[in-house]
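Here come two complexes built around chain A, the first alongside chain B, the second alongside chain C.
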Partner chain A sequence: MAVHTLDITKEHCPMTFVKTKLKLAQIPEGDVLEVLLTEGEPLNNVPRSATEQGYKVLSIDHVEGNVHKVLIQK
Partner chain B sequence: MFDFSEEELTRYSRHILLKDVGVEGQEKIRQAKVLVVGAGGLGAPVSMYLAAAGVGTIGIVDGDVVDLSNLQRQIIHTTADVDKPKVESAKETMQAINPHVNVVTYQDFLRADNAKDIVSDYDFIVDGTDNFPVKFLINDACVMAGKPFSHGGILRFEGQTFTHIPGHTCYRCIFKTPPPANAVPTCSQAGVLGAIAGMLGTIQAAETLKYITGVGELLVDKLLTFNAKTMDFRKINVKRHDACPICGKNPTVTELIDYEQGTCDLASHQK
Partner chain C sequence: MADKKKLSLIAFSGEFDKLTAVFTLATGAAAVGYEVNIFFTFWGLDAIKKKKGRSFVGGNWLTKLFGFMMGGLSATPTSRFNFFGIGPKIFRSLMKKNNVATLEELVDAANALGVNLYACEMAMHVLGLEQKDFIHEVKDTLGVATFLEISEGGRTLFI
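Let's look at the complex of A and B:
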């Protein structure tokens, strides 16, 4: 099981989740995507949308400043 | 795989966000080849929405030029396009909406001698025509080629549509043969509320995109009709008939036919 990474700290809603979906579409089933995102809308929306659309959110951790790391399994 | 540019991701973001479409669905839309027969009242909204959606290849068939009287409903054409071939005007609008789309134009009417060839290049066909002979021709060509299509018709304040996929109800299962020439008035004789074309055409565009992406349930074995005066929508169950002259057990229609058109239609086409 490989872990892929995606930095969407410079993106705004809804491109944050669009970019997340693109990356998830590109990785094999079962792999994990590590998403770096900022507080506020991205942190509120990306994990929720991922769960709604059938992906598994494994963890959400604070990294530094306003940046958080979300692990999503395809 | 899924090689979308930043520009495309932004352009198609509202599709990609949908759980049922997503990146995978948008890729299917990009790979799709759809033929729109008629660049008129129905063909206009159909073509514009398919272009906006990013359908990779859109073929458009029409032998007419834009007439001032078309502009009340054929929103793909503008006042500056009067006298221009409709397919050219339609192509310009589609490519202005979305330059990623490849538009193939056929500046001709669909006939028994060209229908099979044209239809064979596409995954899905949309009937946006205004007369019975061509509606039967589209049905027959698609049934013979095993192609799915969306039927659409409008008149005055009413519209009807269904979607054919091989093995299910076809136009001839519902209407065996065209009505006698001039028995039923055409839009040019009876009139049509312009927005009705948009109502029905956008239903056809949605059916096309549903077919491409595999989302939801199509209007297969169901005839949708509406009357905009009351805004009543009805879905009537229809079924494939063993006695259907083209898709039944003993087909009598074995080659494409150019039925006679009403004299009013002929006069307007020869003008």
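Let's look at the complex of A and C:
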């Protein structure tokens, strides 16, 4: 099981979701995607939409400032 | 999923800002798991032309002239602050500067996400356009009845 990383802290709507979705589509089944994102819309909705689409949100951790790290398993 | 969420957009406008709204909604919805359909009609057809700049696409001299005046995606004007064509350049540079996706990037993202693009048969006929004049991602040429069937059970917006 490999861990892939994606930093969307500099992105804005809708590319936050778009980049997460495209990255999740690329990685093999069972792998984990580590997403770095900011508070507000990305933190509220990236994990929620991943769950809705059948992915497993393993953890959400505060990194620093308004940056959080979300682990999503495909 | 049997009850997949669905968003269908009618892209009637050919302005840079309104098309940005179309593709922002389309990509955002597709990225959070919606099935997304965009039905391009009239001025909106400019967004899916193969030739992104100005070119004489059309059936006869009049529609060719219209085709040139309307242009493609990179020739779209803004609905306000167009300033004789400088407006879109200003907005594009503001978007780049603020790390917001440009219209072209949104169109690429829509295609990467598998957004379904359709062209309106009637408007194409009026403007002398054929499916070969559009980007290959355009799935089909439709009329109202088929669009209603495709959009059935989801949300529809007219932009």
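Heads up, the rule we're going with is that the second predicted complex is superposed on the first by the 74 of 74 C-alpha atoms of A that agree within 3 Å, B and C clash if a C-alpha of one lies under 4 Å from a C-alpha of the other, contacts with A are read in each partner's own complex, and residues count from 1 in each chain.
Going forward, a residue touches a chain if its C-beta (ideal position, glycine included) is under 8 Å from a C-beta of that chain, and two chains touch if they have at least 3 such contacts.
The structure displayed is predicted, hence computed values, not measured ones.
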> Looking at the combined model built on chain A, do chain B and chain C fit side by side or clash?
Replying inline: clash
>> If we overlay the two complexes on their shared chain A, which of chain B and chain C does A:K21 touch? Say first, second, both or neither.
In response: both
>> Let me test your reading of the model: by the given contact rule, A:H12 touches which partner, first (chain B), second (chain C), both or neither?
In response: second
> So, A:L71: does it touch chain B (first), chain C (second), both, or neither?
Replying inline: neither
> In the superposed arrangement, does A:V32 touch chain B (first), chain C (second), both or neither?
Replying inline: neither
>> Which partner chains sit in contact with A:E52 here, chain B, chain C, both or neither? Use first/second/both/neither.
In response: both
>> Counting clashing C-alpha atoms after the superposition, which of 8-16, 44-52 or 80-88 on chain C is the one that bumps into chain B?
In response: 44-52
> If you lay the two complexes on top of each other, which residues of chain A touch chain B in one and chain C in the other?
Replying inline: 14-15, 17-18, 21-22, 49, 52-53
> What residues of chain A sit close enough to touch chain B in their complex?
Replying inline: 14-15, 17-19, 21-22, 24-26, 49, 52-54
> For chain A, which residues are in contact with chain C within the complex?
Replying inline: 10-15, 17-18, 20-22, 45, 49, 52-53
> Can you list the residues on chain C that touch chain A in the complex?
Replying inline: 24-25, 27-28, 30-33, 98-101, 105-106, 109, 112-113
> Quick one: in the complex, what on chain B touches chain A?
Replying inline: 1-2, 4, 9-10, 13, 16-17, 19, 22-24
